[in-house]
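Quick notes on the structure that follows.
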Amino acid sequence: MKKNIIIKNSIIKSCANITLPIALILGIYVILHGHLSPGGGFQGGVLIAGAVAIVFTAYGYKEVLSLFNAERAKTFEDIGALGYVFLGTLGLIYGYTFCTNVLWHSTPGKLYSSGTIFWMNFAVGYKVLAGLGFLIIMLVSNLYQTSEYEDEEEK
Amino acid sequence: MTSYFSNLPIIAILAPFLGAFLVGLMGGRKKLLNVQRSIAIATTFTSFLSLIYLIKPVILDKYIVAYWMGNWKPESQWAIGIGLEVDAFSLFTALIIAAACFLSAIYSFKYMEEDNGLDKYYVLFQLLSASMIGFVLTGDVFNMYVMLEIMTFAAIALTSFRNHLYKSVEAGFKYIVIGSLGSSFILLGTILLYSQLHTLNLAQMAALLHGNYTPVSILALAFMLTGYAVKAFMVPCHTWPVDAHMAAPSSISMLLSGIMSKTGVYALVRILYMIYQSTGRPEMEFLIIFWGTITMLVGITMAVVQTDFKRLLAFSSVSQIGYIMVGFGVGLSVNKGVAVVGTMGALFHMLNHATFKSLLFLCAGAVLHQTGTTDLNKLGGLSKKMPYTTAFFIIGTLSISGIPPFNGFVSKWLIYQASFEAGYAPVTIIALMASVLTLASLIKVIQSVFFGQLKEEYKDVKEVPLFMRIPMMVLSAICIIVGVVPNFVSKYLIEPAAFSIYNIGNYIDVMFEKGYAAKMFKETVSIPSMDYTLAGYWNPLSWLILFMILLIALILFFSFGYKSSNNKVIDDLINTRYETFTGGEKEDYNHLGENDMFWGMRQDFGRYFRFIKGAHSGVVNDYVLWVVAACAIVTIYLFTLM
Amino acid sequence: MEALKTLLPQIFYVLIFPGFLFCFIFGLFLSGIDRKMVARMQRRIGPPIMQPFYDFFKLVGKDHIIPRKASKKVFLLAPIFGLISIVIIALFIPIFGFTFQNNTADIIVILYLITIPALSLVVGGSSSGSPFASIGISREMVTMLSYELPLVMIFLAIGRKAGAAINGNVTFSLADISKYQSMSGIMISKWALIPAAIAFLLIIPAEVGTVPFDVAEAETEICEGPLVEYSGLYLGIYKLTQAVKMFIMGSLFVALFFGGSGFSNIYLNIILMIVAVIITIVLSVSFVRSVLGRLKVEQTLKFFWTVPTALSAISLILVYLKF
Amino acid sequence: MLLNYIGSFLIIILGLYITIVKKNLIKIVIGMSLMDSGINLLLISIGFRQGGTAPIFMSDLKPGAFFVDPVPQALTLTSIVIGACVTALALSLVIKIKAHYGSIDADKVRRLNG
């Protein structure tokens, strides 16, 4: 396995500098407009998690590890999932079935018009960005840390 | 509509999911470990309890619970939401699953204490339980697929949980390759079916597909059969569970073997009986019975030659699935009376297999926990050190080989009767022989693990702690109780489940509205009349009383002899007449390893055993090829005969 | 009072007549006859017919030793369970139309109950911790495997034959088989079932564990195999179980192939049964035992999976072809 | 449209071929995800309708406009997630196998056999 290759390519870096904010903004947009346009929590989450991959391609794994905290991503993922379950359970609490839309009271087409669906999208997006981000971080760090890993094995 | 029980199915699914995320939130802090354990036990118990509350409406009052997520009810008789639908068969399977998960959670309490990363274990464990319950309660094909995938991932991760062992990692990899191949087949079948019917709801699929077979739907059937056969360990798709059961922690092996295989069987039954309504199709009946018989035979002959405790149990599990599928195959028979016997036998065997195989795996786990190995050649003589485990294992052995009055007898007998009455005499003979071979393979385990000579290195082995003994106790109690009162169990659990399998019209009507099934079928859908007379139950109670009388009399009579011999053994250490007779050999040389057992048989059938052992080569590519070949054969068979 | 009225005959059945006492006396008696017959065939005078009784009571009087390595409870309980299960079979076997226990599927119950004595031998021998016992139990399991296959096929053939006449399909009830034989003549008179009867006669020695097929207990090679550590009372129980098994197999043969209505008098029926069982056992056990030597374990397997299996398969096929 | 169906089945068969023939574990993983992609393509093709619009109820919808089938799109998404998870998990297992066995040749990773 190739080790210790530090990627320093100015073209990639400057491209990443441009695309990174776009990816983030687009991701957030897609999450928030999940009920109005194609897309939703999952797609937006993937877009945001793609930012991790962009950082990796441009700045290498050290940067990724210093920027993102894998442990916290794991926690965030659980929070997102719990939020989804809680929002779903709201339907039960209000006396309907699971996932029933209980907050709905607005005109269609507006940003905040879909009641629980909006918040569910948000929760899913949160979960996915944390989860996929965690996945990418893990894969990246595994790629470069096999030697450390083998030491663990001998213990 | 909104009765007290209408929300119970979703609670049963939701509780373990919620618990999983909560445990994940807590992270790997040592202080919170006990909290996490309690959460796992509490959530599995919650789902078990909510399913128990469903027994009265669903099983006793024959009510089918339909539940639409988000209140998205069908729009002009077209399902647009995701629905849960709980009939007696779903509930029956779900009850087995929830009970086993609860017991496994208790068992894990002490069994897993030496491992690290336990928070991840409990997250995955609860995901596994939740997805299995969700799988059987859902009324939506794609939801089934999603639940199946969650289940597969959790199971793979749990299989390779002890990733410092090479076998866990290898088994996990084989599992993921073959398992995801099976999942892909299932997805392919599902979407092919969707392309024809444009719906994913189980009930609606059944209604639309009635008498409406096209090449697409037959291709979908072939893919789905193979895909779920991978999940239900049917030969030749049985290669992953064997490795996985061997490598996983025993609390998980129990779930994988005893319970997860049932989800595959559940799906096969739903596909055959409900979606494709193959009841009365002799070609489907033949396919399933033939497949089941092959499974039975290959599983058990492989089990006889194994040298690893858990691997042997896994292969025997494969053969037990064969029994279940033979029963369900007979259930497709034209002859209603015979079909009911077959279905009931299969359902009963599902219950029984879940209990005794879980029990056996927990015993294997106890041995592994105390000695650190499951190699039959290394173990020996543990019965004096672990008397309870030995007793439980013997109970499990007697149950699985169908010795009366344990529970395996009842279901196996129903399956024999059904297959023989349906005119498949060779199947009955093979089933009976497989039963004897099961006994032989487990006797091998008893001889080389619990009896025989005690090895030096296991001198200080102790009995397992109480927390691990409780689930084993419960399971062996179930083994005995179900065997003693089979009439009661089959009246209140098996018969409603068998009825609900055949009662397709009602299943469809409840999901949509009354008369929908009749409209789609273009004929009146009658409630199937079930004829239980051929299932003439074995009534052991009458002679069990006599059994007890005899037992008490004899034990009273012989207890004097037993008592008087008690003291001599202990104080008479010098007297050589209490030594085992070895013929002058040194003890180190005369341990009969399991390799030498049954050499008489292996000599005669050496060619067969060499072939079948060589076929399980351990190369992933071969196993994938088997699955693909099975799919091809099923496809060709279905296209020629349907 | 009502319960007592139903319970008392049951207790009588279990303890006295077809049950424990009868099995005990008649089994040992049968074993004595067998020994006497073999002796006569070998031109010896032989032991008195009561010799097995003397042997049994002598064994009961002796001290019994539990080896230090053995796990005590299993070691002592295994023989008792074997004896109980074999005695219980006696309750299922009808004596010419008279049954004590009526079940819908007693053939399969019997099929499994018959394996329990062998199983108890296996578990008891295994728990003794002796290497000879380990070899013995592996041989016992292989023997069991070998005779189980033809036995199953014989039972299925008979069940099919009787069931076709009784309910049009198949029956596993001995009472039905007995009824069928009283309706249309004894089973052995049907051509289709004669091979099955021969196969059953060949199975009896293996089931009982007498000479040509006693690979599990081969005294000269492995010192009685599973029984090597047993002594005193518990050895006696094993010997008794073996004797009772001989009786059970004989009467099962009679009930399956020579059953029927018999006489109207129950006592006459019992005597007829006893005579028939003695003839069966002399035919299948004593003759074979005095003529042949012991087979090897793989020869046993090969023999049973060829000759009796083929015979019973012929029967099964003939029955299916409605001969 | 026919091209899509043929293509998707070709991709599935190609994936199967790779999984069966290639001995390198990473290539097996590639085969698996290739098969997933084929299934996804099939799914999307099933839902596609010539000239259909995005399945969203908006006010500016023309009369007579029709939607593409939204259900397969949702299914595809789920399927993609699952495919990503399969790949990630399988790759992590391959890394572990490399650590234990020192090889990622399927012929050498066969200690559990028989």
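Things worth noting here:
Going in written order, the chains are labelled A, B, C and D, and every chain counts its residues from 1.
FYI, a residue touches a chain if its C-beta (ideal position, glycine included) is under 8 Å from a C-beta of that chain, and two chains touch if they have at least 3 such contacts.
Not measured: the values here are computed from a predicted model.
Relative to subunit C, the chain whose mean Cα position lies farthest away is A. Counted by C-beta pairs in contact, the busier of B-D and B-C is B-C. Averaged C-alpha coordinates put the centre of subunit B at 30 Å from the centre of subunit D.
Centre-to-centre spacing of subunit A and subunit C amounts to 72 Å, using the average Cα coordinate of each chain.
With centres taken as mean Cα positions, subunit C sits 35 Å from subunit B. Note on chain placement: the centre of subunit C and the centre of subunit D lie 62 Å apart, centres being C-alpha means. Among the residues of subunit D, those in touch with two or more other chains are 100. For subunit A, residues touching at least two other chains, in rising order: 153. Among the residues of subunit C, none is found touching two or more other chains.
All chain pairs that count as touching, in label order, are A-B, A-D, B-C, B-D. Chain contact summary for the complex, subunit B toward subunit A: residues 2, 6-7, 10, 14, 17-18, 21-22, 24-25, 27, 67-71, 164. Per the touch definition, subunit C reaches subunit B in the complex via residues 7, 10-11, 13-15, 20, 64-74, 76, 80, 83-84, 87-88, 91, 101, 103-105, 108-109, 111-113, 115-116, 119, 122-123, 126-132, 134-135, 137-139, 141-142, 144-145, 148-149, 152-153, 156, 159-160, 169-170, 172, 223, 228-229, 232-233, 296-298, 300-302, 305, 316, 320.
Subunit D makes touch with subunit B in their complex at residues 12, 16, 19-23, 25, 28, 32, 35-36, 39, 42-43, 46, 69, 71-72, 75, 78-79, 82, 85-86, 89-90, 93-94, 96-97, 100-101, 106-107, 109-114.
Subunit D meets subunit A in the complex at residues 54, 56-59, 77, 81, 84, 88, 91-92, 95, 98-100. Listed in rising order, the residues of subunit A touching subunit B in the complex are 71, 74-75, 77-79, 81-82, 85, 88-89, 91-92, 95-101, 153.
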